[in-house]
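In what follows, a structure is listed as structure tokens, so that the remarks can point back to it.
Chain nomenclature is as follows: A, B and C, assigned in order of appearance, with residue numbering initiated at 1 for each chain independently.
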Amino acid sequence: MSVDIAKSLTELEKLGASLYGRDFLLTWEKSDAELKSVFIIAELLKELHAGNIPLDMFRTGLAVSNFRDNSTRTRFSFASACNLLGLAVQDLDEGKSQIAHGETVRETANMISFLTEAVGIRDDMFIGKGHTYMKEVAEALDDGYKNGVLNQRPAVVNLQCDLDHPTQTMADMLFIKNHFGGFEKLKGRKIAMTWAYSPSYGKPLSVPQGVIALMTRYGMNVELAYPEGYDLLPETIKVAGDNAKKSGGSFKVSNSMETAFRDADIVYPKSWAPYRVMERRTQLLEKADTAGLKELEKECLAQNAGHMDWICDEKKMALTKNGEGLYLHCLPADIKDVSCKNGEVAAGVFEKYRIGTYKEAGYKPFVIAAMITACTKKNPAKVIGELFKAGRKRVL
Amino acid sequence: MSVDIAKSLTELEKLGASLYGRDFLLTWEKSDAELKSVFIIAELLKELHAGNIPLDMFRTGLAVSNFRDNSTRTRFSFASACNLLGLAVQDLDEGKSQIAHGETVRETANMISFLTEAVGIRDDMFIGKGHTYMKEVAEALDDGYKNGVLNQRPAVVNLQCDLDHPTQTMADMLFIKNHFGGFEKLKGRKIAMTWAYSPSYGKPLSVPQGVIALMTRYGMNVELAYPEGYDLLPETIKVAGDNAKKSGGSFKVSNSMETAFRDADIVYPKSWAPYRVMERRTQLLEKADTAGLKELEKECLAQNAGHMDWICDEKKMALTKNGEGLYLHCLPADIKDVSCKNGEVAAGVFEKYRIGTYKEAGYKPFVIAAMITACTKKNPAKVIGELFKAGRKRVL
Amino acid sequence: MSVDIAKSLTELEKLGASLYGRDFLLTWEKSDAELKSVFIIAELLKELHAGNIPLDMFRTGLAVSNFRDNSTRTRFSFASACNLLGLAVQDLDEGKSQIAHGETVRETANMISFLTEAVGIRDDMFIGKGHTYMKEVAEALDDGYKNGVLNQRPAVVNLQCDLDHPTQTMADMLFIKNHFGGFEKLKGRKIAMTWAYSPSYGKPLSVPQGVIALMTRYGMNVELAYPEGYDLLPETIKVAGDNAKKSGGSFKVSNSMETAFRDADIVYPKSWAPYRVMERRTQLLEKADTAGLKELEKECLAQNAGHMDWICDEKKMALTKNGEGLYLHCLPADIKDVSCKNGEVAAGVFEKYRIGTYKEAGYKPFVIAAMITACTKKNPAKVIGELFKAGRKRVL
């Protein structure tokens, strides 16, 4: 996993991909070279951090975190990433400030950005809303920057929306890339992105959608499996299919966890809510129909309960390539007999791969920092190179 | 709007006005030279920020924010200002810590200040309370500093009280100063500070009070207009009258929005609660009389509703100087058919001046940073000059 | 109180006590030399801060604050300490993130620590829980560091648990050490740690427990006094007895405030809840027995009310050494006729010693910063020496 700093900097410069002045909202809006840039930057930052080199490319500056859904881990990943780069995080707490869509988004986006360099948003609960909101914020910032309201155009980073979860899936990708020894080594490998049973309700669709959209770009054979009724958003299915064709991989959808696991190099068993439930939920939430929401939750949990056999246990793991497929999870996993009675994964399987999933998560702060770096620097290689050569210590 | 750094630094030094070791609570406690200093510093900081020069005059240090009323924008302005100077913001959340007036203020002010350089307070909801509270905090800090409890005396900055809103009005002033080409160019100009209809209740009086108290110092003809019953605090009316006399401007109060707008160079139409309602509200809140408060809100909204014609629309704007008077607002404005059914301003008028109001708000972080600089530095010109000459970059 | 920097650095180096890679949870787990190191570092940091020398030994890095009980003062002490060292604080708000004991502790501890250097925890409400939780976090961090999940092992600092409150008692110790002119001057002095009446309920036992455990190490005669039924945890009583034997001091328990105050050089009158009430409370909270908790509170307040004569007033202070014993308190004190009708201390007594108690509290941020320094630096003397010699200014 050790990174050759000089070689990576040269590779980054040669790629010539620039995200400067732009946002990071969906992986499928980005070219292969752009994604590659972010991956290289993330690994450079991780290596330099491990080498005790300060990466404070911002001497002062704010980063705004806007969490429209609870989150400890993503909150810490974002805070860690911003701190690594020298930015101070200021939470935009909409409960306190009563911000809504519409006119207010345009104005608030500018009001919080006079000295802001990055805006991280998590808005994943409502189908058709999260990505739309992020674009609204981005347009408002364009408007403010163009009109001289803002000295700088802050980069918007998607910390999970209704469509994609790029900081998660790109962390997943770095983990498997390093596990197998390089992007090239992923070609032809099979990854099973499957639904798994959870006793909870309303989990976003962004992880499976993001995984199938990203992994299909690297020549992998991606198999998506879920019980009937747990479809993903059609547009992300289309993205995955198109990407597989281009990359020389494949993309297949089935309704069997066993089929998906068979001979898989990698498995990613994870619960999500049925798309139609999420849609109805969005409508009920808009009408503030509390009784309807309760009813929907009950229905959804009952529907989930019909699929308790969708668990990643030793028997299913035995189906994977040589019985030694790699287990992935975005965490926290619902672990049978540990965090719940029945869940996504058996305790023994999880324990075997536990440290791996922690390391997988450990890429996330650096992926976020890389996105901010790529979107705010004209020449990231030059900036990182300067920090590398400066000879300073992060910790005395 | 471009600032000559060297010239401004010289001008600042020549002014010889020192706020060192003091607080910024009310504009009318400050001399003209002291206000001028803060204006110069604010514009210097804004120019240097735009020029990518780090202004971290504090290497480490805390800034305490104490918001006794909800606020996103002021919260971000304060956080931005402190971050610009190198300070980390720590919120004093009284909900969590059960802080009250009296003994506790004296003690808490010291307990939070061992490593604190600035304290920003917003306390605007209760007539007779906010400014009093800020003075209590300031006295407690004097006591702690004098007795060797604190290594440094943190500066208290008024982020809005029951009397004044200096960070807002001084931002307004910088905006119009630059719009018209200098403080001298404001002489003889007419500004209409008028009430406007809003469907909300209990808006503070500090903005109109602060505006009439500040604008009258610059030789302007200030006309305050509101429907009967929406009087401001008598002491601020007196300040405005006295200031107008000294500056060679004028100060007039009327009950007609049209009269006020006629031939105005600048209009500032904004809702506020009747003084007597705020007084009764304070009393009811002290008694925790929930029923009484509900009743008062109903009465107040009904009273407001009798004045829906107090809207800044195209017809009224046509009355202003050449039909092209400058529209100001502290934001967020209640925009008719956008953020509410009937409001302070017509959508077309607001849209025409929208970017201007954003720029007006954009001065606020720098005004706050300037107040902190002025109150904590013996020689602000020297400190800013050193940062300017250091040749460092804020963003790599 | 002035500190000879060079001499202190030499003394620190000679001590040769290393806390590197460890945590600071209980004073009685630490050797005398280890405590001495923390004291020396704390005073060095305080002196250098007063001398305007930046102590940012971390260029970037997070500090996590995990408050499982409300606290303004400890929150600010921790924030101040971390900011002093260059760390940014990120709150772990468990209300928002639904963290529980068990599996989740292990995982969450790692998830929040990828770029974290220190974790401050306050968990003082439940007998048998707080210290256990802190050890669980520490073990999880060991596991993550050992397995390559974390680049660094963050130091866990106890900001108050069910057993000890080391940041408070070590601040108390520095205050009395300086008051009497050195650790040697404490030998043979009498300190009365006594219960005092308060109209509140459920105050933790950690302060009296921590005080008797720490003060007995310095050859002092420690007398603990409380009304029947207000016992402390037996294991802390044992620690105090053992320490007294080793240090040549004494440790005595009585049920009379007067006896304890007689000829005392120092008094520390402070309320706490009966141990058995805290135990029952823990059980009721586990069962979420709201009615039982209400009943318990009522009982406890009634029990307290039987001991209103346990107040530190002028009459009792007259019993102390020459009527001039030193009054200590961890603040906030319940002051009779000021913050409550009947309380721990008479207004006149408190006022006489008020500034002293503020100064006592003023050591706390530096004690916390010293613990973090000691636990994260291989050679704290070298690091502090470098910062001292660098010739930089903290505030321009």
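Remarks
Please note the rule applied: a residue touches a chain if its C-beta (ideal position, glycine included) is under 8 Å from a C-beta of that chain, and two chains touch if they have at least 3 such contacts.
Predicted, not measured: the structure shown is a model, and the values here were computed from it.
Shared residue numbers account for under half of those found at the interface formed by subunit A and subunit B, and the copies are therefore classed as meeting with different residues.
It takes 120 degrees of rotation, in steps of 5, to superpose the Cα atoms of subunit B onto those of subunit C. Spacing of subunit A relative to subunit B, judged by their CA centroids, is 41 angstrom. Listed for subunit B are residues 88, each touching two or more other chains.
On the subunit A side of its complex with subunit C, the touching residues are 49-50, 54-56, 70-73, 75-77, 79-80, 83-86, 88-89, 331-332, 335, 338-339, 355, 358-359, 361-362, 364-365, 392-396. Contacts from subunit B toward subunit C in the complex involve residues 57-62, 64, 88, 90, 92-93, 96-99, 102-104, 107-108, 110-112, 114-117, 144, 147-152, 376-377, 383, 386-387.
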